[in-house]
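Below you'll find the structures, each written out as structure tokens.
Two complexes are shown next, each including chain A; its partner changes from chain B in the first to chain C in the second.
Moving on to the complex of A and B:
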């Protein structure tokens, strides 16, 4: 692990630690409205000021970070597993299976994601608790976000299928299932890791995009998406710089993930 | 005796200054280009087919009308017609027209043009929204040309507020080869770049003159840039590229008022309201026990009483809104029922009212007689920050009486589909934009048979006694030409609306606008179009 990656790990651990300790660091919670001090500047009682409804921004950043950081990896895991099954098997089996799987993947890739998510959100039952909306949002992202990874895995599995050691194993009479699980799947692991790490910032940003459109996680629960909405209409950085905390945090976290990812890519190479 | 006329030096300076001011005022009073934004592409340039805000703006600036509602005084004033008279039975209106008026292409204006316009307007094949407002009973609208300057129009049945409806009827030329492009208003369309802009130039034949006999409008042209993005609109205004902004959001208004207070205008409460309503449709796919809550007057009143409207105005609109009293904004001076009391905020009273209906509090959660926790969703349109914030404040207010609200933001088409087709919703938070002062324009909301009777539309017969009474009163006011009788009937409608709370009226937004200091003669008002209602009198000085 390089020095940069160690720094990235420390940053992620700190951010994750702070978000997990939100109950102690911000005991008043993310939903309490101080209606007499709305849109306030940072003070001793509200370290990052308050939002337009008088809610403590520090608390909302901590809780929002917890949600985004816990659920984006969960969605990434789901999408990577789906990509592994669809892309990996398609690449390993080859022929008509690969063509069919890639046709489905291409179809998914060509679909307008944003509109799909908006439609899916509109079809959902209305009476879902904010916590359920969090789960559903990331489940949707995970279920729809496997396609790019599936193409990469399909290509990698196809290359492995044609490799000398797999041919040798097949010539030695190894069965298809054993060949996949023992010889192909372990060699796909580095690609899978890379795809997993790559997906996390993508899902964080996707949720943020949905949140900006008001279609993400339900109020009053915060997420980075809903926190970034505050930046709408700001015309200069100097106007209310404390509002940029959520954006800075997003950049720091995504960059840290990218640094870790570059390490995984080196391993995969 | 010789009388000496000596002017002291100080008085001379004052006189000279006055002369200079007069000279520059004369210079200012001519020319210039006014620039502002249309937020959508105009759907049509045909004034009879207008149905959207952008087309309405163009019609207002280019169309000549027989009578005009003065946006400041809210009174009807003569325009192309010197006088108008509505018959006692409310079925006939007679106009005495001005003579010697020409359309922008030089074609003369006469009663024949008015008859032609009415004939086109009332053609069912045209589907004119303006014509629909004038439709009454079965049968044809008949026009009778008495002389080139006199015409009477006869309707098959009474049309309430008939004369005021002609504020929207732009007169077309029967004989001009340009048809709807030949106009009688102060400006005419000379260029249209789809997706970019519409350019209007001064109508050289406009009939109106100022006190000094100079022909109006003062402006040379009006450029309307098509720009949906409010942030961009605001930035361009700050850079001096735009002269006006209508319907400003309170957030933008405050920012502008802080940096340039002289350009930010708050004209007070507008006619627009924001309201919440519960689904009372019998066939709605929601649980029966929820339908029972929503159909209970006590329940609706308790919800109304538990909402802190002062906070909605203060927190969400930064004080640029007033807590709503009832269905009519106090800005509607004649039709507002001044006997109505402001809605009180009292969670304790609300809880007591619910308890009298069999609801009980258990561990901080309100439960009904059947033990069902009181949970419902409020949907509103995604992207409307003010509504999203109001919904969250209401969520917090209702939590205090043990009611759990789920706030759902949906894209507008999905929301409308649930509201009008599937009825798959529990409560909706939306606004009502009123462009007309007369209650007749609200017939489509209050009549139980109407499609826009949002809480329970298209009823074959009124479901409740109070809806039947509202139906009766609305028809009564529509069929009377006596303003006082109409007012009495509509006052009662407002009282019933407040008693029954089918719509829980939340706030009346203030009419906020921005007018550049380079624009002279602007007097923003609450009625649309707020800032350029007197466009022919405006001047723009060099920036």
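Moving on to the complex of A and C:
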């Protein structure tokens, strides 16, 4: 691990630690309103000021970070599992299965990601409880984000199917199921790990985009998307710089992931 | 049939399959959309029971999804995509009114993105200075870490054109691919030999490196169209530009499925067409080189 990657690890651990400790760092919660100090500047009691509804921005940033940082890996896990099943099996079985699976994958890949997301989001109810909106966003990202990973996994599984040790195992009479679970699947692990980690920053950014467009996690629950929506009303950058904290945090986290994943991209390819 | 012919045929089949499958999905979603079975005219107190029954009978034909699909496809072939629920206008009119702005925005945005990509990637490949390469990579990496919607918000904040926001959303991806392709081409043995023989950097770049990477760059160009179309949603929605991206966003917020699904199918066709064209042109170039 290089020096830059170590720093990225430390930064991610700090941000994750702070967000997980939100209950202790901001015990009043993200929804409590301080009606006498709405849209206030940073102060001793409110380190990052308050939003237009009088809610403590520091608390909202901490809780929002926690939701975004837990949601993205959960969605990445779901999409990697879907990719493993669809891409891995298609590559292992080959022939018509692989062609059919890759045709569907290519069709999904040709669709602009945001179009696909908002179309699928619009199919589900928009007026839902905050917790349901978290589940909907997580399921949406997880079930639609598997295509690129499935393509890579299909290619890797196809290469393994043609490898000498798999041919030898097949010649020795190993059954198809055992061949897949004992010989092919364990060798796909590095690609699966790489795809899982590569999906996380993509899903963080996708959630932020959905949130800013008003199609993400519902109020009053905060997420980076809903926190960034605050920037919509700004007239100049210097006007209320503390409103940019969530954006800076998002950039820092995504950059840390990119640094950490610089080696993983080669495995994933 | 030659390799090129088979490729073109494959792309045409893929487009036809997309139209048929996409059309079926559109028809199903439109048919199942809330409010499909109701007609406001039935509430008109001036209509007698026979007229109300006549209206109901007229809709009876569309109750069966398969029948509805065929009639939907027949209408779609003639450019009739139905009516928008939220805006109360024909989808065709809405698309016709908004398409010019989106096309202009995409053309300028993509042009600018590729201009930036070419300038940075070619100069980085030509100069081969690690500091310059690191700076260009950091710049593209920074934009890569920003959500597209935030770039759109900044373009509103600083009063910048929407096309620039699209360019800054697309450029980091195209730059990364182009830079990697150029670096890979530079490591080829014949390029190393050309340099050892004392050929100038400009001649190596434009005569030996760029021709190798053109087919792959064309594939990236095809993908960049898809990225730009995706970027048009936040840019048009947040910059207040009345294009197809904003229409899709409004349709999503209003759960206007007939409008949204039709837009998505059309956008899929455009991106498939762009990718197929890039693939076929790349194939032609590779054929000429061979």
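Just so we're on the same page, the second predicted complex is superposed on the first by the 240 of 269 C-alpha atoms of A that agree within 3 Å, B and C clash if a C-alpha of one lies under 4 Å from a C-alpha of the other, contacts with A are read in each partner's own complex, and residues count from 1 in each chain.
The rule is simple: a residue touches a chain if its C-beta (ideal position, glycine included) is under 8 Å from a C-beta of that chain, and two chains touch if they have at least 3 such contacts.
Everything numeric here is computed off the predicted structure, so don't read it as measured data.
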item	value
Which partner, chain B or chain C, touches more chain A residues	C
Which superposed partner A:111 touches (first chain B, second chain C, both, neither)	second
Partner chain(s) touched by A:3 [first = chain B, second = chain C, both, neither]	neither
Which superposed partner A:250 touches (first chain B, second chain C, both, neither)	second
Partner chain(s) touched by A:24 [first = chain B, second = chain C, both, neither]	neither
Contacts of A:35 with chain B and chain C, given as first, second, both or neither	first
Touched partner set for A:121, first chain B, second chain C, both or neither	both
Set intersection of chain A contacts, chain C complex versus chain B complex	118, 121-122, 126, 213-215, 232, 235
Interface residues, chain A side, partner chain B - complex	31, 33, 35, 38, 52-54, 118, 121-122, 126-130, 213-215, 218-220, 229, 232-233, 235
Residues of chain B defined as touching chain A within the complex	230-231, 234-235, 251-252, 255, 311, 314-316, 375-377, 379, 382-383, 385, 388-389, 391-393, 395-396, 406-411, 414, 424-426
Residue ranges of chain C in contact with chain A within the complex	14, 17-18, 21, 29, 141-142, 144-150, 153, 157, 226-227, 229-231, 233-234, 237-238, 248-249, 251-253, 255-257, 260-261, 263-264, 267-268, 271-272, 275
Residue numbers on chain A that touch chain C, as the complex places them	103, 106-107, 110-116, 118-119, 121-123, 126, 201, 205, 208-209, 212-215, 228, 231-232, 234-237, 247, 250-251, 254-255, 258
